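Next come two complexes built around chain A: one with chain B, the other with chain C.
Moving on, here comes the complex of A and B:
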């Protein structure tokens, strides 16, 4: 009896400590997730009453999802998202690893550079996006100016982001440079975990610096690479802020499946547009499809990871 | 098949910190040479200099008949076994063994032959498909040894390879490494802080301290004729007893009397055999006597009550086959005596001890060098 009481008391104490988080979690995460699933099965029309946004919604089963399959804009946004992932993930993994290898050396000023490269990761995406919009902008932007002085006049009039071919790579570059410091820190930690003697053994075994990188460092930081790929995939599927800050999905000049599409309208931004135009049910359906894709990719990744072990 | 010759080798860090200095050493072909000393004595630095993992500050290093000061590790034709094994954690045992050969572009046939043979010698054939994480400490050590021998190098370097193993395994691997050396006949340089390893494994021992070589000789000679108080104390376990004494000439003039400085025992030594003490007459010295060269008078044939060292028992460490008795003399010198395991005592017991005067040593208290005759 005494023991039972003790366990009960411990449980109650635990819940008291968990309480504040649980309440926030339920109100701001669990409930919205559940409720958006319900909304995704409703047609929510333009509200007549701003205080009761969802007052005139109508249950439509899976019609929102069916509509999605016919929506060329949605398919296009998935293509752009995939392209965005391809642009950002390999480059940021590569850059993070490169920085880590360079900054793993005992050179003067190393700790300054470590902090300097990591700092942009702390800045808000919106801030970084706006700064890069200025860098890319026509006439006064520093990048078109530099390119102009080198004889490349492509961007002088339009800037980088108004050009449908360079808009998404431009956004990707900005985000890769922002995020590389984060990868760098992870890679640095992993590299510094490799015993020096392993490299010395490789020296004696006859490995040159390049072979040490290929046969020792990269295999031993593979978990970090996997982690960055998964995080990068999720970030691409969630990408919104950078597009909002830099291109608003434009330029709207690409032809696809009979419509004019935005060159940088990734799925996350498309979702935002639907929400912004008060098509809440449809937006919720988009978000659920994205969630589903994210889950599938994460599961596949997790499975690959487990097999590797 | 190679000699290793170190000529005035020095490794100085940051312009002033001595890693090792004045290292003159000529390691013969097929020799098993052990560098031994306490931590920070420069033994590992010396080994790493030979391996090419540290630059040489000054001096010349020859492996075979080639000066290798400027030759990269991989081109020195050496192999090294590290204290923490330094296996490639992501590679299977097979690949760990084959890595060096692959990098040197050996044909696949040859690699297979050598890896199989090495695995057979070290009895790790059943482990070839495993990764280092799935191996015990002893097995990892074998793989590390395998990685060294698979390349058939000119010189083996061992950097405290047994320190991470438990005591029993250490003894076992000690013998195995010796057997391996007898079989492969490759010049080996072995670094350890453990004087037992040094004594049992080395053809020759190099005792080091503070970056300098103290003495180089074969194990028994070092044990019997240590060149300094440091070497005498470092080699041998339990270590040699040191007692501060005064030397004087007795009334008859035929003997040197060695008396405990703080007042206690007196030992008479015939001047004939200890002529080398003459310059130290009426001066202080350090007397050194090994624990096994002290006997309890009751076990001795000597009947005269001469040269007796009275002491009382402080503690004993019975080892079964032998017994280490810790004693305090009348002059409060602490000494250890090694006796037969059956000879048990109790704290407080008073013993009358005899020192084997043929096996006692004298050290100059200033230089700590051993003073001896011919």
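Moving on, here comes the complex of A and C:
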């Protein structure tokens, strides 16, 4: 009886302590996963007033998903998202590793440089995006001006972001320069965990710095590379603020599947547009498909990881 | 021997030059923002050194703007970020304590449920969370901005990991001395976890301060609770060419975080690396 009482008391205490967190978690994170599925099978009825919009939705079965299948803008947004991932992930892994290797030397002021590189990654994406759109702007932006004086006149008229070929790489460059410090910190921690004796052994065998990088450093920081690839994938599927700040999905000049598409309209921005125009059912369907894609990517990633180990 | 020394020296100089060039490139947007924010209106695009008189004129103009009161946006942001960070640190540490030290029904199930939401991009929660907040009548409120993001699963795991290292004997002896569960939490667990709690507090503060999309979703443009990023986006919609004012407004969002980072970077770095290095 005493033991039973103790177990009961421990359960009650636990749920009291966990309660506030658990309630918020269930209402705002667990329930939405199911609620989203329900919303995605509904359509906003336009006669309703704004505050009751979610209670007055009309049930339409899987019609939103069928529509989605034929939606050239949605398919295009997936392509743009994949392209954004390809532009950002390898570059930020490379830059992060490069900075970490540079900083892993005994030099004066190393901790200053470490802070300087890491600082941009904690700054607001919206603000960083706005600053870059100033730097990139046509005629007067500092970057087109510099390039102009070097004889590159491509960006003088359109800037970087109004040109459909350079718009997304421009966004990607801004975000990679902002976020590279995060990768650098992770790589630096991993590199400093590698025992010095491993490098000394390589020295005795006559390995040059390049060989040490390829055969020792990179294999030993592979978990960090994997982590950054997964985080980068999630960040690409989540990309919204940088697009909102810099291009609003434009320029709208690309032809694809019989429609005119925005060169930088990533899926996150497309989802926002559907929300913004009050197509809540359709927006929920878009997010459900994106959730499904995320799950597939995570599973593939997990499988690759397990095979490598 | 001298040749070797000279080579070492040359290598050091080259490395430092590379590091300086890298720092200039990466911090350039930050300095450019401040440079343009200090310029005379109309000179935002010109490569000259015509500064505003007095120098901080643009900052004052933005701070006291009547249509877009950035002083108010700043206070709102400060309130949202501070209270969000406080509630998150409190609830996460309470939850982490029982996950680290207690056994209860459904513990494993809840743990895996939480873990599985970690991999879902936040965008995917936007529509259902907006629907819930609308139904609760939380549009244009502080609650609506703060509460849906208080259940920070990453923060809870970070704290749990740390609290598992606190020896059970410490808790047992307190119990024998007649301490209540709340006293154990408050007098033993919290003080011993303070560095990690600080990390969770600061990371949440940063998250709430820059949580643009959600604050845009929860507020209508006429809301009295607009925060800095949303205010900045609306301001930009009106004055898209007034770069000197826009950059001054941006600085109000950036500079507090930069200052916070300089003083507390150890906590930021520890928190952000903890998730990755533990594999």
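The definition used in the following text is that the second predicted complex is superposed on the first by the 304 of 309 C-alpha atoms of A that agree within 3 Å, B and C clash if a C-alpha of one lies under 4 Å from a C-alpha of the other, contacts with A are read in each partner's own complex, and residues count from 1 in each chain.
The definition used in the following text is that contacts are C-beta pairs under 8 Å (C-beta built on N, C-alpha and C of every residue); 3 or more make two chains touch, one makes a residue touch a chain.
Bear in mind that the values here come from a model prediction, so they are computed numbers and not experimental data.
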With everything superposed onto chain A, say whether chain B and chain C fit together or clash.
fit
Regarding the shared-chain residue A:197, is it in contact with chain B (first), chain C (second), both, or neither?
first
Would you mind checking which one, chain B or chain C, touches more residues on chain A?
C
May I ask you to decide whether A:180 touches chain B, chain C, both, or neither, giving the answer as first, second, both or neither?
second
So, does A:10 touch the first partner chain B, the second partner chain C, both, or neither?
second
Between chain B (first) and chain C (second), which, if any, makes contact with A:131: first, second, both or neither?
second
Tell me the contact category for A:74 with respect to chain B and chain C: first, second, both or neither.
neither
With the two complexes superposed on chain A, say which partner A:22 touches: chain B (first), chain C (second), both, or neither.
second
Where chain B and chain C come nearest after superposition, their Cα distance in Å:
7
Set of chain A residues, in rising order, touched by both chain B and chain C
none
Which chain A residues qualify as touching chain B in the complex?
195, 197-198, 200-208, 211, 215-216, 219-220, 222
Within their complex, chain B touches chain A through residues 51-53, 72-74, 78-80, 82-84, 86-91, 99-100, 103-104, 147, 151
Within the complex, chain C is touched by chain A residues 10-11, 13-15, 17-18, 20-22, 24-25, 27-33, 35-36, 39, 51, 53-55, 99, 102-103, 105, 107-109, 113, 115-120, 122-128, 130-132, 134-135, 137, 139-142, 145, 174, 177, 180-182, 185-186, 189-190, 223-224, 227, 234, 237-238, 240-241, 244-245, 268, 271-272, 275, 280, 283-284, 287-288, 290-291, 294-295, 298
Chain C residues touching chain A - in the complex, by the definition given at the top:
12, 15-16, 18-19, 22-23, 25-30, 32-33, 36, 44-47, 90-92, 94-95, 97-99, 102-105, 107, 110, 113-114, 117, 119-132, 134-135, 137, 147-151, 153, 156, 181, 185, 206, 209-210, 212-213, 217, 229, 232-233, 236, 243, 246-247, 250, 253-254, 257-258, 261-262, 265, 268-269, 272-273, 276-277, 279
